[in-house]
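Each of the next two complexes has chain A plus one more chain, namely chain B in the first and chain C in the second.
After this line comes the complex of A and B, so read on.
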């Protein structure tokens, strides 16, 4: 690759369209004869529908039909239980979408939904995760395919023999993905072909799932996802909305628009499971860890198994000869948890990076020094070498920028008027992986180029990043390159998830562009009017990657203030330094990193799904009552990265930035709160009522 | 949502008449709460009577030194009004502590006072709520009630009134001017909202169809030293976990007059008369302020998840009064 566009800050290609409101999202395409659907959530937690009476809904002016398990078009079984919608009368959780009203207007559809009468036979339910739940079991593997448990050496004996022991349990609540754009679809059937405008993180997967469900060839399904208003993992796999819209469109023979409500995002689309995590660390008096154990408990549904890989983070992060990790799961009568920004790493790092802080305090040493003392030379999990590991560089560079030197270790000793002040740090890591993708590159006679790949830009800046990568790979200024993404008619590519988007897609783009250059190098004369196109796939190359420990690293620093009377916690400043390979576009990279850290502040201080066991669902299911961190909560936030050239990744040399920002942030905040107050809150979020009434407070 | 009709009356009389003719009609002002509730099916009016164009948007100084605030004055405009900022800082602060800039630009004075509780169960038609559906039960009583009442609740309802503005008005002894089918009347602000009792669906003492036309602030020179402290779970755009409106008038170190009201503790904005009585005529100290709060909160009955509100309100009372005492120079 020639030096050029990559590494220089560039605004998003579609930025103007987005901020002026002209960029079209899934249910915003002008369409003749369109109808509107409204989903009806189950009012029972566990049981069966015994009767559905659609008549009162059908009597609402404008209502065209009511779909339910008794009349909906049949779907192929065995694809994914979550998507087998309106096919049987079984209710697995409260809020399950059990009927759909289609009408001439969105208001009529909503009013109709209110009038669908549904009767249930209910059974007793269980919706609360506890550490001693009788249903706890050991899953076969954890997301996305890791071993459930690992053990190395003799943890019990080493822990018993350790001079300093930390044995603590942390809890995290249910966290709910709340992208600005809800799960939304416009579906149209034309001559047996299904056209979907859909909000997702990867339309190749949507195309495949819908083709299977409706038992039609993949080529008969086209999914357009030009712009996507966020997903945070919840759109990483097709969910209810797209299936319901396709069912409805088939039933009414007209285009159907369906957007879930904000309330409906609290459940049916997935969420971050609550966790209960016991972490044990045993070290010598100098903080050299001999024994690490991380036991994680989380929940899944009765529909399908999702096992959050909560303790996987601990397998590779810090050195210790004796180590053990376990995962246990309970099937509850709840919606299936799913991916939410850094599934596994994020809750797991909250626990481990908090426990490291507790160990540092127990040993009386600086928490950065503790981490440096326990830096592994090879991956403690598999024994593989690291392709690059710059955690220490992140910690030391962060310490310098943050002003960590000469920090007083004692908690609860700094005051600024009514505020107690404290600082905290945490390490972070996130796997740097790639998926197979395909791309084409075309050269035109006028000197222009077109690069095509079904990547998805969920707001990250992926379109712009790939455009810059393509320009450099072609050796031309970016202005001569057009990039097309977000359409399943384009060469197939993996989802925007797992921080794998840019790594996976740029790989295919670079290969296609390189091959095109080779082809043009051997070409003489003018190009044909339709241009010259080459296609590339990275399937073989990705499969042939040498086993190595490939991770991005980071260190987050936080300064908080805690009101001595009210327990209110505010974040004075947040700073992160990251080692994530090459940075393609500093503008959007910074956005990803500060966005991740902001979401981590939200996790630490604000977000919590409040479950009411009697009803079996979360009662604070809107953005007025489910608080997320707002602008006023982010007073000063900075993201930096260290230069990192890692030849063992992918042609663009990128590790991915989508998730590393959030990973350690909640722990950094929790550690800072403890430093400020002397109070260690081990169940998130750290709300004021968990601080007032403790000994440090009046 | 339910289909509704929309009318824009020419004057107050027509507005009141329209409501009088239709038991399912509702006034529409800023719409920042009602429209949400209509979408959720919590409120289902068949007629919206839009009062925002009525000539009720003036802020007028009164001959007695008080201030008359029209019912449709927007929260943003009221907070920015120079007389409010100078003479009633507690009011400006309460307004600015509420909601977001966008919401304050829409929300009106009267609409703010008549907004509905944000209790989770009230806002969800799938759950039991006596306020929304009399006789259905109170799911909050033994449910997720961290944000709800510690004072004056009943077995039928443990909701809190969400307004910040209302807490300030309770402290200021405001008067509400009301138009009804048979004429106008004044309602002392502290008599506007009801305790939940057996009928939490009746939130105010207003008669059906009554329209608030203005809120009158009596002259209160002491209010120039007043404040509003709001505790919340995030820095902005959050309802109070607890709040205190305070006016303190000292003669030397002795409390000549004091006004205290609490928010987010009861079904109505809570005027803390017991605390005021414990302070008046005595030498001010932070300890006395704490004792005064204790006197008020002696009757508090916390729910499952909100016992922390008692020490919280106590601490904020002490801080508010102490800050005022220290600022008098």
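After this line comes the complex of A and C, so read on.
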């Protein structure tokens, strides 16, 4: 690619629409004859519906129908248990969406939902994850296809023989994605064709799933997702809202708008599983690790197996000749966990990067130096070479920018009035993957170009990034290029998730643009009025990629202050340095990295799904009681990156940076809290009651 | 501020009332279900979809609009209580061209990602700057007697009723500070 648009800061293309309120999201398209749906959650945890009486709901003026398992249109079985909605009377978890009221207005639908009478036969339930749960089992594999357990050398013997040993258990609670736009869909059927305006992270997958569920050709489903109000993983695969809206629209023969309520986002759309993680590190007195073991426990539902890859992070992060990782799972009567920003890596890194800090303290060496001493030369897991690995550069550059030098290793030594001050650091890594995608590029006689790909911009800046990549690949100024994304009628592309959106999509865009340039180079005379179009798919190229260890890296630094009387923790400043390949658009890249770290602050200090075992549900299922980081919580936060050219990735040379920002952040904060107070909190979030009860605060 | 005296129940339908208010300078007359919130009136009856529904419970701030110039959460107000009131939504912060300085600053500072909380942030910021100009103190204001100095801490405190899950807070603060400096 010629030097040009890529790498220069550019405001996002849809900025004007977003600041003027004209960007339309899923349930905001003007429609005649529209109806409104409201979902009804199950009040039982485990059991069966024995009776549904819709009559009181139907008596509400404006209510058109009540859908439930006894009358809803039939869906094909075997697509995905989570999506087999309103098909049978079995209740798998409290809050499962078991009925749907459709009405002429939101108000009538909402009132109707309160009046659907449902009776249940209930059975005893189990909803709390424990380390000794009798249902613990070893899944066949963990997401997205990794071996469940790995072992190398002889961990037990090496750990026993180690001069310094750390053996600690960390716990993380359920975390809820909470994108600001709820899962929402407008569904319309016309002559057997299903048109959906839907909030998702990849409408190609939504199109495929809905076609299968309704047993219609894929071409009969069109999914438009022009603007999406965040997802953070929870919209990475079709979920309840889109299926319920399509069922309802078929039933009433009119367009249906359905937005889940905020309360309904705490369960039916997935969440980050709670984890229990035992980490053992054995080293010599200088901190050179001989033995490393990470045993992770998490939960899934009785509907679907979701096996979070919590310990996978430990397989490739630091060197050690003797290593072991395991995953165990238990099926509980809970909603199925799902992806949330850096699933696996994020909670896994909290544990490992905290344990590294504990090892550094036990050895009496600087935690950055400890990480440098255990830097591997090849991937410790598979033995593959790294396509590029710049963790050390992130640590050292971060240390310079943050002002890490001359830090007193001893905890509890800095005090400013009533505040104890401490600093902490953590490493981060996240896989740099790509998935097959397709794109077209068109040249018009007026000198303009159009690039089409069903990418999704959930706020990442993907639309703008692909536009810049396309311009450079075409060798023209960006102003001559139009980019179209967010519509399943466009060439199919992978999900906006797993930090692989830009890598996957830009690959197809570059190939389409290059082929168009080749075509035009051989072309003489004027172009036809409709332009000249070429199509490209990266399926073969992606499949042919040589096995290598491809990861983005990062280092997060935190300075915290802790109130000596109340135990309140505040983050004075956060700083992250990242190595994520080429940065296409510094403007949106910085926003993503800062956003990831901000969600990490939230994870460390604020968020916690509090489950009431009696009702098998989270009691704090709204934004008043489930706390996410607010504006006042982010005092100073900075993101930087190191220059990184990696020829073994993809044509644009990008690694993706949607997740790397969050990965180590919670550990950096926990490590800073320990440095400030001497108290090691091993169960997130770091609430003040976990600090003030300790000897450091009495 | 909220004046219910002029609204009238619709004959034969005690669930609905007629209401007339001004939105972005245009007088609007509507017959609405008495339970319709201002947010749903804007979104479902006037196709003003700038105000967003993030929680419907006054907890996230995405639905923030200006009512008689003051920021309110439009999901917590019944529309039929607003007879003769004046409402400004994000669509009314400026004409389509040019943008208001606040809107320009949000674009320049990349003060949003997904954009869903953005209309609420903008309306909240507009109302907040007017509160500061009027000398209203906040929980972090040291001197309660003089003019408010709009520090980062003041902006952060005053904007904490508007949640942003993408984490654009530092850019929101920078955009607002820059705009305040222009005033």
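Structure notes:
We adopt the following convention: the second predicted complex is superposed on the first by the 698 of 698 C-alpha atoms of A that agree within 3 Å, B and C clash if a C-alpha of one lies under 4 Å from a C-alpha of the other, contacts with A are read in each partner's own complex, and residues count from 1 in each chain.
The criterion applied here is as follows: contacts are C-beta pairs under 8 Å (C-beta built on N, C-alpha and C of every residue); 3 or more make two chains touch, one makes a residue touch a chain.
Quick caveat: nothing in here was measured; it's all calculated off a predicted structure.
By the document's definition of touching, neither partner reaches A:524: not chain B, not chain C.
Residue contacts after overlaying the shared chain place A:624 against chain B and chain C alike.
Residue contacts after overlaying the shared chain place A:546 against neither chain B nor chain C.
In the superposed model, more residues of chain A are touched by C than by the other of chain B and chain C. By the touch criterion defined above, A:43 reaches chain B but does not reach chain C. Of the two partner chains placed by the overlay, chain B and chain C both lie in contact with A:632. Within the superposed three-chain model, A:180 lies in touch with chain C and out of touch with chain B [touch as defined at top]. Contact with chain C, but none with chain B, is seen for A:598 once the two complexes are overlaid on the shared chain.
Overlaid on A, the two complexes show chain B and chain C touching the same residues of chain A, namely 61, 107, 111, 622, 624, 629-632. Those residues of chain A that touch chain C in the shared complex are 11-12, 14-25, 28, 30, 61, 105-108, 111, 178-182, 227-230, 232, 259, 261-262, 458-461, 587-588, 590-592, 594-599, 622-624, 628-632, 634-637. Residues 41, 43, 61, 107, 110-111, 114, 418, 565-568, 570, 605-606, 610, 612, 614-615, 619-622, 624-625, 627, 629-633, 687-689, 692-693, 698 of chain A are the ones touching chain B in the complex. Only residues 15, 33, 35-36, 40, 43-44, 47-57, 59-60, 62, 89-91, 93-94, 96, 99, 103, 106-108, 110, 112-119, 122, 152-153, 155-157, 159-160, 162-173 of chain C touch chain A when the two sit together in their complex.
Chain B meets chain A in the complex at residues 1-3, 39, 41, 118, 120-121, 123-127, 139, 143-144, 146, 231-238, 241, 306, 308, 311-312, 315-316, 318-319.
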